[in-house]
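Both of the next two complexes hold subunit A, though its partner changes from subunit B to subunit C.
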Partner chain A sequence: MLRQAAISCLIAVLALPAVARTRPHYGGTLRVEVEGDGSKSSNGLIWRLEMDGLTQFGVDGTPRPALAIRWASENNDHRWQFWLRPAVQFRNGWPLTSAAVVASLTQSCPTNCPWTALHAVGASVVITSDSPMPNLPSLLAENQFLIHLMDAGDGKEPPCCVGTGPFQLAQGLPLNLVANENYWGGRPFVDKVEILTNKSVRDQWLDLSVGRADLVEVPAEQLRQAQQQHLTVVASPPVTLLALAVSDSSVLSNPNLRTAIALAVDRNALSNVIFQKQGEVTASMLPGALTGYSFLFPTDRDLNKAHEVRGGLNTPPLTLAADNNPTMQLAAQRLALNLHEAGFTVQVTNAATAQHKDLALLQLTLASSQPQPALESILRSVGVATPVIENTPAGIYKMEREFLDTHTLIPLLYLPRAYAISGRVRDLRLSPDGTPLLADVSLQDAQ
Partner chain B sequence: MRASAAQQVRDIIRPNEPSREIRIPMKLPCLIAMVICSLTALSAQVQNTAPSPWQQPAAALAEQVADLLGPGQAHLTIRNLSTISIDQIPSIRRLLTQELKTHGVINSGAESANVIRVTLSENAHERLWVAEVVEGVQTRVVMVRLDPGRAQQPQSASGLTMLRQTIFATSDQVLAALETSNGVVLVEPEEIVIFVQTPDGWHEQKRVGMGQTRALTRDPRSVVYPSTDATGFEAFTPGTACAGAYQSEKGWTIHCHESDDPWPLAWPIALPDPNNGAASIKAFYNAARNYFTGVVTPNVNLDLPPFYTAVQFPRPNGIGLLIGGIDGKVQILETAPLKTIAGTRDWGSDFAVLQTGCGSGTQIVASGSGEASSDSLRAYDLPAQEAIPASAPLAMDGTVAALASSPDGKSLIAIVHTAANQYEVDRVTASCN
Partner chain C sequence: MNLRQKLLLLFSLTVAAAVAAVSWTVLVRIRQVFEQRDQQETALFVSQFQREFQHRSTEVAAAVDHIAASERVRAVAFQLVQTGDAAPYLTEAQTLAQDGQLDFLEIVGPDGKIVSSAQWPARFGYFEPVAWVDQPTFLKTEDLPDGSSALGLFAIRAVGRSESTSQPVHIIGGKRLDKSFLADLPAAPGMQIALYKDLNQSPSTEQPHLGPDFAVFDPKRLISSTGELPYASHYQSLISSAINSGQQTNAILYLTDHREDSVNATAIPLKSDKGDILAVLTVSISRSGMVQAQQHIRAIAYGVAAGGILFAIACSLWIAAKVSGPIEQLARAAEQVAAGNWETHVPERSRDEVGQLARSFNHMTAELVSQRERLVQTERVAAWRELARRLAHELKNPLFPLQLTVENLIRARALDPDEFDEVFRESTQTLGMEIANLKTIIGRFSDFSKMPKPQIERMDVKDALLRVMMLYFPGLTRTPTTLEDKETDEAIVESKVDCSFEFSLDEMWIDADPELLHRALSNLVLNAIDAMPDGGKLILCAKPLAAHIEIRVSDTGAGLTPEECERLFTPYYTTKQHGTGLGLAIVQSVISDHNGSITVESHPNQGATFIITLPKSTS
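Let's look at the complex of A and B:
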């Protein structure tokens, strides 16, 4: 009898009309918390919310129209012309013009630019270079080249980030960004994004658990912990390259010493101990998922060979600079220990205050998911302004091999970027570089 | 002189067997050998007529290796880091060995000074075969690219079987599509594009900007229907309406204008009996959002809630209006008040009417409520106030961005946004089991 009643109740519950998943809703406030200062760094969230590039990356990693609606190259990629989207305005109401784009790009790239000259030609921008620029549309989608207003009209440079993006910065703290009703790509679904900066990851997770936050950060080394706590995590493929930059001047101008350093680093220990096996051990600049050839760069440590190559050369103490956060400092300490075992004396310092750096632990972002522009982007970020013209796997491999054989950059790990979200967040996607695309997010309880 | 294998077998057997009894078994091995030879020859012939998919990459890689190595001996090793099935490896090895041999490179034992290490690898876009050619202390690398293997589309069935056929694919965003007699009309965010199909493939016939004065919403929507005289089409996007007409001497003429006119909810022919007195309903669309306001014409004497989708559906007592509200509820209007439909837990926001001729004759096909990236379509019967599944879910390999009945109601047009950022125009039909 009791069993029949239970079954009847169950059937009744199942027969109740349930609310189905719908198209995205408009409205509501998305509450985001970040560890750093989201407004100042070019990797900060606010840049992507407030500004657009001439191009943007599609989900397949290829450049798609953004502020430029089309582009064409001539003269074997030495000259590019980008035609601007009409009727786009900056946050202050000023129209997007080719002159404004040229001013913004000029300010974004004072030296070592992919181009030689920029010209405003009618409603288009012409970019020329002495070298071919096959990857220019992809490079222009990167954070460095987002377009912002350079002249507020009074001859003064306006405050940061007056752009054309899907959100507009409002006054006050926490940082409030309101939806741009006239955004060319369509008004964002949420009305407002509220960003709390300088929150520790522990506090972020606490706020998420009590419903005070909707989107918080999950560092790669804490992904396992987030899973154990049953957080809803959205993670990118490996997009952050942890690499050791090695100076090729002063004492390390000797290539044998650089080779010895490359042979002495213990990537597996770094991955297992510091990053809790969440990284992808790599000795290549591009991850295997992009190229399919990363296995050609051996990742194993060879301490005996490191000693052999170093050949008993004595070196003065080396400085290893790393960001002043606990994980990067720990990783740097671990590397210092590796190098000590190979006969080097290494002192770890804070990258922000270091006067001299023999070695630097870097986090480089894989901007594109296409190997050719991705390699050029990484090379540019370590100061090598060489266009990657080859577009075949063999050609890209050759270029990567030649650069890595100098041992001025030692790839260590590829790490994912990840975020935890509350139950009201829908359709969070990440860009190819792992940045959350907040304009596409909607809230389940918005009406 | 060497004896043949058959002769050797005969010699071994002969001492122990009486001569008369030997004759028949002696013929049997010959017969078996002949059959085996014939089968081998036939097999080789079949292999020749249907070349292996690995033939071309094996030949290309072998040629590159031979260019590096020159004629001689080398030890070939193969490792598989790709999704190629392990049972394919022997045939790949055989092909590589053959191709290397044709270039004078003979596969030798592990003692050889030269080693060819082949790795079958892949990346997110394609397969990659890499050969490391080791000569003493020198290692050189060559590689060839292959197209990725495509996964087979799963099929499933229960009461009726739904079938999906991709008729057009593009990298440009598509909001709505209409099949014509020899092509397709695509509504893109800012343009209407007409493609025709010729024996050479698809060709763009006409492209016209719609001239919107305001930006579209983030989830833009559109509808396109045949014109009432069936020689053209009418298309609606937020704030804009377009009409296209085809004349054999002039081709297509398309005119667009700003418009807040209500959108037709369905092409009338999609209903089983368009002359039964039920008027075709039009609904006002909220151009600043992604839903209909709830105001419809002609008036239905009831305040409808805002909705994403509404279709007219045959009911025992006439035509009902099925509404997918922005709150996720699916309700039906027959006589006031609105009644909630149960069993729609798995429905997404898009549904359309499909005349299958199976069961009740007409079903509702709804998108799924699961992850948007792995959307599906499923047919439902609606005998009363509960939706009853009539088919298995049909995987769509992407997000169903729009769903509409075709003019004759016997198929649906689904716009699918795939993970590869392609927009597919799929024709969905059903057959009775």
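Let's look at the complex of A and C:
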């Protein structure tokens, strides 16, 4: 009996941490470090903490209610109506109204919008378009269309965006986001998120290892290294499309030249060496896991055919713009070398300062895990505002094929997004586009 | 040019020529010695530099050796050989290059493909075209991502060569040959190192017909440790010569118009392992120190030469003075003797020829003085004899009629009283005339013998001449007051002498006795009138000279012979039928008493001009 009691006690003691571990606690400061400027929409980390969209992506990648509690479409998706969640306030205390939503959406999309008109109708927002918008709910979940209010400030501080998100930005450096006690989705577990920006990956990992950071970035090409260093890594599926955008004007207006470029690129070298086999070679805009037909787009390099297609056409030196981080620059240099073998002279430049770009190495994020909205989102990213109406694989394939045959976008790789976390962090999940959902994170040592 | 100037010039030229010749010889020789030494120094510096360059090559090789021998690289090589997976080592070369302080580093796998490249990371997977040379170091032109190429000093090492591996992993490392590399090379003071590279780039665009292989010299490609080399275009010939010959070449380059900006430049062609010239290294050593030293020496030489010449001129002056002084004294003494000062004596200071000449001169002047005294005495005796003869002749003339008259009277005493009275009357008349004549003769002689002392006063010569003109020039306003004046006027008018005068408008003051001067001038005018019995021209001139007043009395009479001119002023010498011959002697005496001189210029039938020179008044 005594032995049984002892064993039970022992089991209970051993089980206690497990019981304690599964139950999140409120409090604590989550320390995040990023390489770039977290306020930019392309990264979206801070935006996601400060603002909400009318919709948000669920774990299955489908749009779920956020600031809009429900929606409906009419007239073959030419008209949508979104009913707003009541009793939601912006950080400055102003109520969430349909007018504010219309103003925010109008500001977020000055041109090339998927809709034609926005109307505030009572507690709802009506969005209409001349062409069908079957993917509008998914679209409204993207970072670009998060709802915000421009606060002019009291004159002492500059104007800033005010959102309804789970955290509120406090002024100063590092960026401090304080939990929104009155968040409609429930107060976040952590009291504060402290974000250090413009930190190199090496410094981030160093801070993680010495306990000065809780969540740091892991670039795709360093995933293997992070694993070798036994970091706790949370990685998304391949959600970032690395693609080469080719201008179809002036020098490269001849489609044969663009075709030659597409045939000359060596995806395997990029994937195997530069991205350390963490990427998925692709010639399609959507990953195979999403569509199942990506193998239909050949990925192999054919230099001879590139020369054949190019013929004797001479081109002046081309500019290839890429982000100023070493990996992207290296990838751009490699592509320049590939194209050099095909007879093109390419000069790699910094995307931020380049005035003219014949070619651009882009990183496009897969916003949705649904093929239709995902394709539409990618097309929109490269300036093609064509709604994807087809919802069958064949239809989507056809649309993708038609677009890719113009060779104005040459998909190269799909890459995951990954983060390394400290032992304190619990329940970190990534959204479908790979952004960490920090509102649901709790800290191990919070009381 | 006098003797002293000639001597001075001669000595100075001789010394100057000697100094110039010596200086030129010395300077040429110094220049040769400096040039020789400069070349030796240059060769020494260049060889030192080449050793340093070689040392740098050794350093590169050592760095690559160190990298190749490191555990890390050996581990990488092992993994590469074992797994063939080069992906994890993509950035390895950059890290190794940083650690080894190399500009270039590549890891080449067993298959000859680049695993990792520090200078061109994107070139992984490409074959490395470097030939596997067996040299410790070699030069190579490395292509870069931006399309350019860089010249580098490379070394290649194998890692992990074993029996099981057919081809090992290779490490190829190098340092860039750029201005940083040049800056690291130790340069002696005044040495400048430059590198001319990219020989085969940019074919001539100005001469496209030469083809792509011909590269035009581009001064911008000649870089030093501080960037573009100043005056790079001056190196063109040297570098071209080195490239064409493939050998080390050196030359003196003048970078500017100033000689001190010249350099002793050596061009060393840098070749690849295949013997192609990839670049040319130039080592320039400034010659400014040498040139400045030369200039300094030259300046000193010029200074010494100038000083020497000046000293020589000064010595020449002294020597010339010493040599020419006695001769000049002799010359002045001779002039004085010529001027009449026969008692001039020159000092006899030496025993040489000049001293002998002085002694001879003194002897000569002494002889002249004694001879003059004898001559004066002789002339005096001759003059007394002439005077006595003339006096005897003059006196004899009137005495003979006197004697005849007295004898006539004695004879007439025997005649009757009426005839005796007539004879007595005639005889007494004759006696009276001849006695008057005798008195005149004796009176003139007395006048000549006792010429009064001049009463000197300041007077204008024009006044004396006007007084004479008033007296003798016809037509001038004057009223004859004496019979003599009247007769003179009539005589002048009858003689048809054309009288004129030429006076300077300047004042001509002299210190003279107006009466004596008038007497002398009157005498000359009368003589001139007497010399033109058939008419002619009489001209009176007066003009100031530097220190004298010159008076000229000119006539157009018969003129005088040279012998007459010589004796003209001798007392009792006359060319007239009538006259005592004392007039001109008196004139000469008057002029002489006034410290002046009188000369005559005349030729037969060309008239005569008497020239009186009187000193100007000093008051």
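Assume the second predicted complex is superposed on the first by the 413 of 447 C-alpha atoms of A that agree within 3 Å, B and C clash if a C-alpha of one lies under 4 Å from a C-alpha of the other, contacts with A are read in each partner's own complex, and residues count from 1 in each chain.
Please note the rule applied: a contact is a pair of C-beta atoms (placed from the backbone, for glycine too) under 8 Å apart; a residue touches a chain by one contact, two chains touch by 3 or more.
None of the values given here were measured: they were computed from a predicted structure.
Shared-chain residue A:255: touches no atom of subunit B or subunit C. Of the two partner chains placed by the overlay, neither subunit B nor subunit C lies in contact with A:343. Judged by the touch definition given at the top, the superposed model places A:277 against subunit C, while subunit B stays out of reach.
Once the two complexes are overlaid on the shared chain, A:132 sits clear of subunit B and of subunit C alike. In the superposition on chain A, A:36 makes contact with neither subunit B nor subunit C. Taking subunit A as the reference, the larger set of touched residues comes from B, when subunit B and subunit C are compared. Of the two partner chains, neither subunit B nor subunit C is touched by A:65.
Overlap of the subunit B and subunit C interfaces on subunit A: none, as no residue is touched by both. Residues of subunit C that touch subunit A in their complex: 86-88, 90, 120-126, 145-147.
Across the interface of their complex, subunit A is touched by residues 81, 119, 121-124, 126-128, 130, 132, 141-143, 145, 214-220, 288-291, 308, 324-330, 340-350, 369-370, 372, 386, 419-421 of subunit B. Note for the complex: subunit A touches subunit C at residues 224, 269, 272-274, 276-277, 330-331, 333-334, 336-337, 345, 347-348.
Residue ranges on subunit A touching subunit B, taken from their complex, read 15-26, 58-60, 181-189, 288-293, 295-296, 369, 371, 392-394, 397, 427, 439-440, 447.
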